[in-house]
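These are the structures, in structure tokens.
Two complexes are shown next, each including chain A; its partner changes from chain B in the first to chain C in the second.
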Partner chain A sequence: MAAAKTRASSFSRHLSTAAPSLGPGLKCGPNGTVLLSSGIPDLDKILGGGFPLGSLVMVMEDAEAPHHMLLLRNFMAQGLVHSQPLLYASPARDPRGFLGTLPSPAASKDDKSRGPEPDQEKGLRIAWQYKKYFGENQLNFDGQRDGKHEYSNEFNLRNPLERHFINGQRVDCVSIQDSPDLSILQDRCTTFLSQLPRNDGSISCAGRIAIQSFCSPQCVYSNMEWEMLSFIRSLKNMVRSSNSVAIITFPPSLLSPSFCKRWQHMADTLLSVKAIQDDDKELAQLLTGYQDMIGFLNVHKVARINTQVPLILEATTFSIKLQKRRYLVLECLNQAPVDGSSGNSDGTSGSCSSSSKTGNLDF
Partner chain B sequence: MAKSICIALREGALEGELAPTLTIKDSIASPFGLQVFDHVLSQLFSSILAGKSPSQGLILVSFSRSPSFYLELLKNKGINVASSDKRIHILDCYNDPLGWKDQIVEISSTVTVFREVKHMDKLFNSIIELGRGLVGGGKIRFSIAIDSVDEMLRRASVSSVARLLSNLRSHEQISSIFWLLHSDLHKARVTAVLEYLSSMVASLEPSHQLANGQRGDLENFALIEHNSKKGKFHVRFKKRNGRVHVMSEEVHMEQSGINFTPLTSEGAINQGLVPKVQFNLQLSEKERIDKANVVLPFEHQGDNGKPLQIYDGRRSLVDSKHERAVAVENVQTKEESESESESDRQRGEIIYYRDSDDEMPDSDEDPDDDLDI
Partner chain C sequence: MNQRSSNLLDEALGLDQASEPWPLKGRVVAIEDRVETSGSFILHHLLKRSLSRNSSNVSIFIAFAQPFSHYDRVLRKQILGWNLVSQRDNGRFFFFDMLKLQCPVGDEGITPGGGLIALYGKIHKTISALPEISQKNVSIIIDDLSLMEVAANGSSDHVLDFLHYCRTLTSEFDCSLITLNHEDIYSTEDGSTFLLQMAYLADILIKVEPLATGLAADVHGQLTVSNKGRNKASNFHFKVKENMVECFYPGRSRD
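Now for the complex of A and B:
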């Protein structure tokens, strides 16, 4: 038995002798992929490290809240901080103006206190009767690695990104409002991605493409559904064979249901943001920290490149909060303590298993 | 709440922000849209005249009603249009929208006829021009009211109308915009587009839903009659912090106009989103401190410099009555101790029967026996 275990399997992975050297802001991920950060450390953690190069991320907007802009801002700012070339397309007349709203990286780590979460693991105390035989050799569960600071930054949404990050870069902005069809955008994407071809070996820099509100109604092409779909497909193919990540946000309520589904299937990583109703007493009873939440983020699909094994998350719905009104954090939803004294007959107590209302959120 | 809408429209846009935009949406079941529109219009215009708003003028684009109707309306509300003609201007898209007539009689100086409703960009330019004519150029703002977006959608494509509205919203001289929409006349997507473009959506709904839409049915007749006088008014505000504020009121049609009253019955308005929640496994600060203070069973062993005692079942067990441990690697001692009887041990309070015939086979593994706290 023991012998069989130690024998190597007949399939052995052919690994190149040296790990590829990666540029700033990139790290190796599972299954031979290279990851780049989304700009939100919590989201990176949820997705297993970040966005893999070559993947297409789609974000379904909520017409009632601008949270997708927060995701986009962090994504773009992270790219600029790491000097990664950026292509930004939006239906506004002057997309460059949006660059002025990008956040700057947080000053230092001790500027914000993330709560006791990292420390809890370190001081794990075990009541073990044989501890006295082993002296001081306690196992240290060190979950915190400071090397990550380079890969992903916390962004302070109150401070604008310094000008030098934007000016010295290869930052390209496209306005998609007036173009009668998608050929202009297609051309810009093609030229952008041709600078970032993928070949075996080191990756010096990776690029980012951000397309905001793709099927926004004021765009001329917005009723050309098949054209939009084939644009997404060709973008996905181009991105797959280059060292870049593309993120597209779109409002699903403005698409016909069948096209909405098709677009969702196109995505490698699919996220959606949802607005929260203000003064919702039932939600306030159900969840802790309801007052600080500004929205919900749902993770529908996580990119799995080079593998067939899906990533099954413990939780797919997270609350978006602004810590100290500056830092975007994503938290798991926690049930508020149930008040045993309130015997409500209409069942408004926070019981998560027996809810008769079917919510829009993911279960 | 109708009042909050009017306040929001009155306050207008902050610097660098899109103008607050209201969609008034009604349907055949609750057809008070025009009356609500009139109400909001008169409220906004009175605030503009009273100087309560940063907006200095109002442009009314009238598609579905004649401009003279509006002039009458404002007069009836006690607003003297003649003296205030520097503050309101009506773009008449009602009398001759497609330019069929050769001549149009000028109604008044506050009305301009517009003849090319198929061309949204020309409409945009006219609106801006009129607005500038009213308030001057520069940074002074004005508000816009569009009588009915349905008429615009009849003649132009959804995307061009959407472009017009979003350009108006982002124009720096526009303080606030509102329009009326009859939702039955359009596909759901069109309503979704207009809601997407607005920051406030006010929808009128019947207080009692008709059973199956059969209007001839006697039972439904009473309901229809009821619905023709009363309804529910729901407003969804998109707030700046990203949250959605939902409010509701009852609306009554009366001779004098329209009345808004707070909801009488507590209807379940919000469809609660019940997400899958987990239990909170994290500790608060106080809980952490308490946890740190608990002394765990074996923690003190070896701390005070006492020699570690390995119990091996023999009498060499020293005076410490708390210590009893079995060496992990020493299987023999275990077997030895199994054969020992408890009477050999004189010290120590724990009486340990290491009997293999014990009915609880795990008793020697029972950790509670070991606990020394």
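Now for the complex of A and C:
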């Protein structure tokens, strides 16, 4: 951010301080924002680094599959690994039980090799004499870092998070099923966020709020449309002036279309997850690697704090896969080679036609 | 970057001529956007044009969407050597932070739209307190109306009343009123009245929409400007940058 730019005028921008010191799990983002990890390294990459502090993330659920829970689990686990305070609200009677299903960070880098990368090999051939430095650097790097201080971890969904991450932490759980209105949740959020005020300077600690299935019909308040919207608005404003990120998942089919749009406008970052039919022959023909996919993730909107320029992604639909049945990865969709004999090379009218990977010759 | 260079948007709004009476004086400008294409960059653009025009222009910004720091940072990139803090200190920029405004529920009988009436009073008072010359050059910018509805607990009637009151300001003081709203919220049958009322009130209607083919890195969307005053409608593409918005006809990269 402090890179010198040649300007025509003699005006020089008055930068108040150098980069503020940041606690674990935080890094500087563009436009003076500070980012924290979503718990899914692929998603961080897609969003340009992570979720900015002060933003509201909304995830539109699919009633047919609980993929939003994967996002929530990784988000919450990442916060606990970094000792970030967490507030979790869900319609379940005992939300604390959900904490037992959080994944633990992957043991080591070698555990989840993505297979050989021949392309990279080719690219490095020109600089062959530097390969020896590559190997050295990698060793040094791994030696210095331990899982805790990495910005973002890969989570092993097969192993539960160690107890010590959950106990002795500022973890607050709220059940929103029986509350007649949203005042209890509102109070808990206010109390939680009052511990994380934003002031210019170093940020020692950032907090996370995760609210699951916000308008689910079991909740008594779920037909109070304007109250729910007011709550989201006030949560967004409180989060904006604190060092925290809030994520709310909701089933869009349970809202009227006009309110669904209002909720979407509220979000700084808007994602949606979709289930995949188990045995969709058409989709299997259309995409490679279809068998490994468990769902789709769509990125509708990316947070734009302190800037007016929208972030246009190359692809907005990604497939959710579980590598080795433990690690959540997001991949661009790859169109399968078209079978010439079928004659219909325009068969791209599947649900993912807008996002097929086009490689280097992108327009 | 010559900040005086105008573009297709300025032309469509009549801002390209450096004529003395600010072309938006006494006019209501309604901006409609969607989830895919946010229209707040137009507010920033108009704020920039208004404040850089001449030293007696005053802007009153009623913010429901973002805190002051966001606008400050955005505007700082638009005009070099310039920021909202100093404009605010010089009395040329008034920022009404409405992020926490919430009209009390069920109170409508006693103080109808209580918070909104107080807001109107505040605006009126601010304008009346201005020096004579600035009184004639005020722009009221509202970001955005859908959040004002939320603050009023969903009674769009109160919001419309508020807007009608602000309209009186445009005739009493010759202010311009610039509002932002989200078109896709109102596209259902019974929901469209609010939008239609706003479109009726407006002298200039600006629609910010994505292209029919979706989003792209080079073209962020299209603008359709209907200027009732000049009996003109224009449509062109735009790309938003940090310090300006580029407007061009389809097929070209600049105008």
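Simple rule for what comes next: the second predicted complex is superposed on the first by the 295 of 363 C-alpha atoms of A that agree within 3 Å, B and C clash if a C-alpha of one lies under 4 Å from a C-alpha of the other, contacts with A are read in each partner's own complex, and residues count from 1 in each chain.
Just so it is clear, a contact is a pair of C-beta atoms (placed from the backbone, for glycine too) under 8 Å apart; a residue touches a chain by one contact, two chains touch by 3 or more.
What you see is a predicted model; the values in this text were computed from it and never measured.
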Which superposed partner A:217 touches (first chain B, second chain C, both, neither): first
First, second, both or neither for A:230, with chain B first and chain C second: second
Of chain C and chain B, partner touching more chain A residues: B
Partner chain in contact with A:261 - chain B first, chain C second, else both or neither: second
Touching partner for A:284 - first (chain B), second (chain C), both, neither: neither
Chain B versus chain C as contact partner of A:294, first or second or both or neither: first
Which of chain B and chain C A:305 touches, first, second, both or neither: second
Contacts of A:184 with chain B and chain C, given as first, second, both or neither: neither
Touching partner for A:106 - first (chain B), second (chain C), both, neither: neither
Common interface residues of chain A - those touching chain B in one complex and chain C in the other: 256, 314, 316
Interface residues, chain B side, partner chain A - complex: 157-159, 162-163, 165-167, 170, 189, 192-193, 195-197, 236, 238-239, 241-246, 270-280, 282-283, 285, 288, 292, 296-299, 301-302, 308, 325, 328, 367, 370
Complex contacts: residues of chain C adjacent to chain A: 35-38, 40-41, 44, 66-67, 69-70, 73-74, 77, 80-81, 99-100, 102, 105, 146-147, 150-151, 153-154, 182, 184-188, 191, 214-217, 220, 240-242
Touching residues on chain A, where the partner in the complex is chain B: 63-67, 91-93, 115-117, 120, 123, 125-133, 177, 217-220, 222-223, 251, 253-254, 256, 274-280, 282-283, 286-288, 294-296, 314-317, 332-335, 350, 352, 355, 357-363
Touching residues on chain A, where the partner in the complex is chain C: 7, 9, 11, 31-32, 225-227, 229-230, 233-234, 237, 240-241, 256-258, 261-262, 264-265, 270, 300-301, 304-310, 312, 314, 316, 354
